[in-house]
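Look at the two complexes coming up: chain A is in both, with chain B in one and chain C in the other.
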Partner chain A sequence: MEVLDIILNILSSGLPCCLLALGIFLTYRILDFADLTAEGSFLLGACTAGVMIFNGVNPFLATLASIGVGAICGTITGVLNRYLKIPKLLSGIITLTASASIALLIMGMASGNAGLFKSQISFNVEKGGASQTIYSLFTPYVYDEAFGIWRVLSPWGEIIKIAIMAAVVALAMLAIYFFFGTEYGMAIRATGMSEKMAKAQGINTDVATIICVAISNAIIALAGALYVQEAKSASAITATGYLVIGLASIIVGEAVFGKRSFKNWIISVSLGSILYFIIVTIAIRLGLPTEFKSLLYAILITIALCIPFIKNGVNSIHLARKRKSEINKLSEKGDTKDVGTQECK
Partner chain B sequence: MLELKNVSKIFNLTGSVEDERIALDNVSLQIKPGEFVTIIGGNGSGKSTTLNIVSGSLIPDSGKVILNDVDITKMPEHRRAAYFGRVFQDPLIGTAADMSVLENLEIAYQRGRIHSPITWGFKKADKEYFIEELKRFDLGLENRLGQKVGVMSGGQRQALTLLMATIRHRPTIKMMRRDYILFSQKDKVQAANEFDAELETNKIILKDKLDALKNSNLSRKERRIKAKEAMFEFDQAMLAKFDLTKQILLLDEHTAALDPKTARKVLELTNKIVCENQMTTLMVTHNMKDALTYGNRLIMFHSGHIILDVSGKEKQKLKVDDLLKMFEEADEKLINE
Partner chain C sequence: MKKLTVVMLAASILAAGLASSCEKKIKIGILQPVEHEALDVARKGFMEGLAEKGYDTSKVKFVYRNGGGKEADISSYAKSLVSRCDMSLGIGTGASVSLKSAATDKGLTKPLLFTAVTDPVDAKLVSSLDNGEGFVTGSSDMQPIADQILLIKECIPSVDKVGILYTSSESNSEAQAKVAEAALTLSGITTVRKTCTGPSDVSSTSLALASEEGIDAIYIPTDNNIAANTDAVKTAVAGKNVLVVAGEESMMKGCGHVTLSVDYKALGKVTGHMAAEILSKGIKAGELPVKTMTKEECNYVMSAANCASSGVTLPDEVIAKCTNVD
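Up next, the complex of A and B:
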C-alpha cells in the first residue's frame, strides 16, 4: 500500500497549502498587493488553533478563532497601507514582524505554562482525550486488545482526514467564487485592476482593499489551523518558507492549468499546490537530499515562470513553419504575389 | 449648477517657496445646467487641475467647490462619483483590463450605489439594457460583451469608458432621499418630511393602480406589463420631483492618446451623447479646432487664471487664429509683469 500512502501524504500536506495559495492569490493576483503578512497570519492561525486545542476547546471553535485572528492581521496590514500611507510591501513586513512575538504570546496561553511566552506546543490526540481536532472527531478507532489501547483504523483514518480537508478547501473555493461574483466582489476586482477607474465609479477603494486583504489572511490562517491539526504541533518557525510555497503554487498552477476565466483561475491555483507537492515528493523519492529542497523550489518557480515564454516561442515556430509551407505551395503554382517579401526595384 | 469659488491650488513637492508652482490662482467659475464647456490652455495652465478639483481627486488649498448650492469641497472622491461621470486621457485606466465588457458596464451601472456583498453582480435585465445602449454606439461592441477589455483597441476602450461615464442606475428611493436632504437647501427635518409625504402619496397612487389591476379581468401577461408601467410611472414621478443631481460629464483630454481618425469618432460620439441627454459637460482639450467646433461655451486657462470665457454666438464667431493671438498676448503680458 505504499502508493496509497504517498498519495495520502501528498494530499495531507498539499490541501492546507491549497488554502494558503488561494489566500495569497486574492491579494497577489486580484488586488495586485504583494502581501507579506501571509506567513504571519499562517503562523498565528496555526498557534491560535493549536493552543485552543491544547487547552481542550472544541476544534471547530478553535478553527473559527484562527480565521478571526487572520482577518485581524489582514485588517492591520490594510489599515497601515491605506490610512497611514505605508507602502504595501512594508506594511506587510511590519505585521509579519509583529506576528512573531504575538505567536509566542499566544502559545504562552497554553494551560500549565508558568511564563508569559512559550516557543512551541504539541498535543496528543487520542480517543476520548481532551484535545480533539476536526479530523479526530470523525476518525474511526479500533480496539487493540494486545496493548489495551484504541488505534486509528488504517487507512480510513487518513482518508477521512483528507476528505475533511478537501471539503474545507472546496467550501473556501465556492465562497471565493461566489463572493467575487457579487457586486462588492466585482468592485474589489476593479480596485485591483485600476484604482483610478474604481474611484471614478464610486468605489471606496480604501475599504475594498482592507476587506480583501482581511479575507485573504483569514483564509491563510484557516490553512494554518488545518496544518496544525494535522501536524499536532506548532512552533515559532512553523510558517517559515510557506509564502514561497504559496506563490510557487499560484505560478505553477497558472502555467499548467491556465487562467481563462475566474472559475478556471481559482481551480488552477488550488490544483497548483497539489501539483507542487507531487513534484517535490517525486524529487525526494528519486533520491534528492532534503537539504536541496530550497534549490528545487527556486528551480520550479523559474521553470513555471518561463512556461508562457516557452509557449510563445513554440507558437511562433509553428506559425513560421505554417507560413513557409504555404509559400511553398503557392510557389509550386508559380504565384508568390500574396505572401513573402516584396523586392526593391 | 456647478460652481468654483476662489479656488487656489499650489503644487509644492519640496516644501521650499522657490519650488512652488501655482496651478490655480483664485479661480471662480459658474457652470449652468446643460452647458457643454470646452476648456483649453497650455501645459500647466491649470485646466486639468480644475477638473481634478471638481471630481475630488485633488483638494483645493483654498476656495470652495459647490454643486447645486451645496459645498462639496470635502466630499470624498468615491462619494462624488454619483454626480460626475469621468473619462481619462489614458484609455488604459478608464476600464478594468482583466474584466469583460459586461463586467465593466455592471460596475459603471452600480456607480453611486452601495455595492452589495450578497447580490449577484450580473443581472439578466441589465444585460439587455446594455446591449440596447451599445447598439446606439454602433461600434459592434454589443456582440463582444463577454470579451476581456484588455484585448480591445484604445479607441474602443475609450468609447466604452464614455458609455460607462454616462450610464448610471436610476437612484434608489433611499439615495434620492439622501440627496434631496443634502441638496434641497431646506431644513433637514423639513426636507425629510416633505420627501416622506410625497413618497407616501405616490405609494398610495401606485397601490390603487395595482389593486385596480388585480380586480380587472385582463390576462396575466397584460397585467404584468401594466404593473411594470405603473412602477415606471411611480419612479418617474419621484425622479421628476426629487432627482436634483443631474449627471455632469468630465472629460480630461479623452482623445489625446488616440489616432486622428479614432479621435474624431470618439469626439462625434461624445457630442451625440451630450446633445441627446443634454448633459452638463466639461471637456479639456489641446485641440483648438475641436474646442471651437464642439460645445456652447469656451474657457481658456493661462498660468492658473481664466483669460477667456465666451459662449453662444460670440463663441461661434471665434477662429483658431484668434485663440492663438490671445495666447501670445497673454504670454507677453506675463513676461512684462
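Up next, the complex of A and C:
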C-alpha cells in the first residue's frame, strides 16, 4: 500500500511539472529563447484558476481562462522582445516582475475580500460544494460515519486525479506534436534554428516568435491551473522554485531518454520531470535532511549535464577496442597492409 | 521505453524496501515552510509540550520536513507526511493548508494540527475559531494587535499619524495590517500604509515611511520578509525619532523599540498539549477549539539599544512593565 502511495505522490506532483517542462522546452530548446516569464505565467495560471474556482466557477472554464492568461503573458514578453527590441532575458524578467502584482490583484477578486489585493487564497472542495476542481467532479466519495462527512474514497480518488492529469498532459503533448509538425509549426522551429535563414524563406520571424512564446506560456499556465486544483490553495509564492524544476526536468529527461526525434524529445522532456521527482522523493525518504535538497538539485543537474560527455567517453573506448580487435584479426591473417598501423599503436 | 521500465522498477523496489521498515512509535509529521526563528521556536515548543504530557521521544517519532521556501517541495512533503504519519503538524499557513489538502485528497482523517497560522478561518482550515473542524484544529498566532495599538498610545499620548509597513505578498501580514488599520482609524488616528515587495525594497519603503510628514510611529505586523531584513528598517529609522512597534519579539529585537508579543514557544507548547490530549483521549481533533493567545499570555518586551540608536525615549511606566531583550 505504501509503495502505491509513494508512486501516487510522485505522479501527482510530477504530472503538472511535465506541462511546465514542456512549456519551458518550447522556448528554451525549440525557439532558443531563455524565457523567464515561466514562473510568472505559472503563478498567474494558478491564481486565475484558483480564484475562479473559489468563486464557484466551472473548473473547466477556470482552466481555459488560465490558459488564456498564460498566453497573454507570453504575448507581452514576445512583443517586448520583438517590437520594443528589449533583450530576451529582460523581457521575461519584466513580465515576471509585473506578474507578482497582477497575482495579488487577481487573488483580490476572491469573493468576500474587502480590499483590492489578497496574497493567499484557499478553498475547500467537498461533495456537492460550490468549489469543484476538474478532479473532484469525477472523484468517488464515501460517507464517514465517525466524522459525519463525505470523504474521498482511497486510493481511487488519487488514481482518478492522476488519470485526469495524465490525460491533460497527453493532450498537450499531442497538440504540441501535431502543431509543430504543421507548416507553421515548422516555420517556428526554423526560426529557432536560424532566424536569418527563416527570414530568407519568407517567414515573419517576429510573429513566429511571439506565437511560440505565447503557446509556451499558455502551457505553463495550464500547469499552474492543474497544480492549484490539486493543492486547493494559491499564494504569492506559489511559483517559487518551479523554473529550476522545469529546467532540471528538461536536462535530466534529455540526458536519460535522449532527443533522437521531435517525438522522442517531447516524451523525454515530460518523463524527465517524473524521473526528477522520483530521484528527489527517494533521496528524502532515504533520510537526506530536507535542508540539503538544494545541493541535491545542483548535483543532479550537474550529473545530467555530464551524461553526454560520459557517453562519448564510453563510446570512444568501445571504438578503440573494436579497432584493436580488427587489427589483431588482420595481423593473424598475415595481412601486411595494416602492420604499419599496428606498430603505430 | 526500456530505460523507463528499468527506472520505474528500481524506484518501486527501493520504495518497497523503505516501506517495509516499520516502527511501533507514534509518528508525528512536522512540516515547516522555511527556516525562521519564530517558527523554529514554535516547533521546539510543540515537542516540549508533548514531552511534558508524557509523549517524549521514547514514545513518539518526529518526521521533520522543511520546505526551504519552495511551494513545490512543501506540497510534495505534505503528501508523504499525511500518509506516513499518525498525526501531523503544519507550522504556518502554507504548510498547514498543504497538509489539509493532501489529507482530504487521500480521504484520510488522521488528526491534523496547525500552529502559527494567523487567520485559520480565511485559510479555510476551520470554519470558526470556537471549534476545530473534523480532523483539524490548532493554534493561531494572531497577535494582540488591539493591545499593541494601545501600547503605541501609551508611549506617545499625542499620536495622530501611524504608518503601517508590511510585505504585499504575505497573507498573514496583510490580515494583521487590516486589523491594525481598523483599530487605529477607530481611535481617530490617521494611517499611512506602505508595502514592500521583497527583500530589495525594505530599505527604501521604510525610509519613505519614516520620512512621511508628521509621522509619529510605525507599526510592523509579523512579516517573514521584514523579519529577515530588520537591519534595513533599523538603518532607515535611525535618528528619525519615530517609534517602531513590531509584531513580535524577534522582529522587535531587530528593528523595533517596544511590543507586546506572542510567545512562540508557549504557542508551540499549547499546541503540543492539544496533540497529547488527542493522543491520550483518542478524541477527534475537531473537538478541541482553536487556541488563540490572550493578552495575559503575551510578553511586553523592549529594546533599549534600538531606542538609543533611533533617539526614541519610552515613558517610565512602559519601561517598567517591559522585559529588555538586548
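In this text, the second predicted complex is superposed on the first by the 327 of 345 C-alpha atoms of A that agree within 3 Å, B and C clash if a C-alpha of one lies under 4 Å from a C-alpha of the other, contacts with A are read in each partner's own complex, and residues count from 1 in each chain.
In the analysis below, a contact is a pair of C-beta atoms (placed from the backbone, for glycine too) under 8 Å apart; a residue touches a chain by one contact, two chains touch by 3 or more.
All values reported here derive from a predicted model rather than from experimental measurement.
Asks: State whether chain B and chain C clash or fit side by side on chain A once the two structures are superposed.
Replies: fit
Asks: Examine A:194 and indicate which partner it touches, taking first as chain B and second as chain C; both and neither are also allowed.
Replies: After superposition on chain A, A:194 lies in contact with chain B alone.
Asks: Output check: A:183 vs chain B and chain C. Expected answer is one of first, second, both, neither. What do you get?
Replies: A:183 sits against chain B, while chain C stays out of touch.
Asks: Could you tell me if A:242 is touching chain B, chain C, both of them or neither one (first, second, both, neither)?
Replies: A:242: touches chain C, not chain B.
Asks: What is the contact status of A:153 with respect to chain B (first) and chain C (second): first, second, both, or neither?
Replies: It touches chain C, and chain B stays clear.
Asks: Counting only touches as set out at the top, which of chain B and chain C does A:230 meet: first, second, both, neither?
Replies: second
Asks: If we overlay the two complexes on their shared chain A, which of chain B and chain C does A:205 touch? Say first, second, both or neither.
Replies: first
Asks: By the touch definition at the top of the document, which applies to A:316: first (chain B), second (chain C), both, or neither?
Replies: neither
Asks: Tell me the contact category for A:2 with respect to chain B and chain C: first, second, both or neither.
Replies: second
Asks: In this superposition, which partner touches a larger number of chain A residues, chain B or chain C?
Replies: C
Asks: Looking at the overlay, does A:277 come into contact with chain B only (first), chain C only (second), both, or neither?
Replies: So A:277 only meets chain C here.
Asks: Taking CA centres, what is the chain B/chain A/chain C angle in steps of 10 degrees?
Replies: 140
Asks: Working from the superposed arrangement, determine the closest approach of chain B to chain C, counting only CA atoms, in whole Å.
Replies: Minimum C-alpha separation, chain B to chain C: 23 Å.
Asks: Name, in rising order, each residue of chain B that touches chain A in their complex.
Replies: 55, 57, 76-79, 81-82, 84-86, 88, 92-99, 103-104, 106-108, 110-113, 115-122, 164-165
Asks: Write out the stretch or stretches of chain A touching chain B in their complex.
Replies: Contact set of chain A toward chain B: 179, 181-187, 189-190, 193-194, 196-205.
Asks: Would you tell me which residues of chain A are touching chain C in their complex?
Replies: 1-3, 5-7, 9-10, 12-13, 17, 100-101, 104, 114-115, 117-120, 122-125, 142, 144, 146-147, 149, 151-155, 157-158, 161, 230-233, 235-242, 245, 256-257, 271, 275, 277-278, 280-282, 284-286, 290-291, 293-294
Asks: Using the touch definition from the top, list the residues of chain C that touch chain A in their complex.
Replies: 3-4, 7, 11-12, 14-16, 18-19, 35, 64-73, 75-77, 79-80, 83-84, 93-94, 97-98, 101, 104-109, 122-124, 134-135, 168-171, 174, 178, 197, 284, 286
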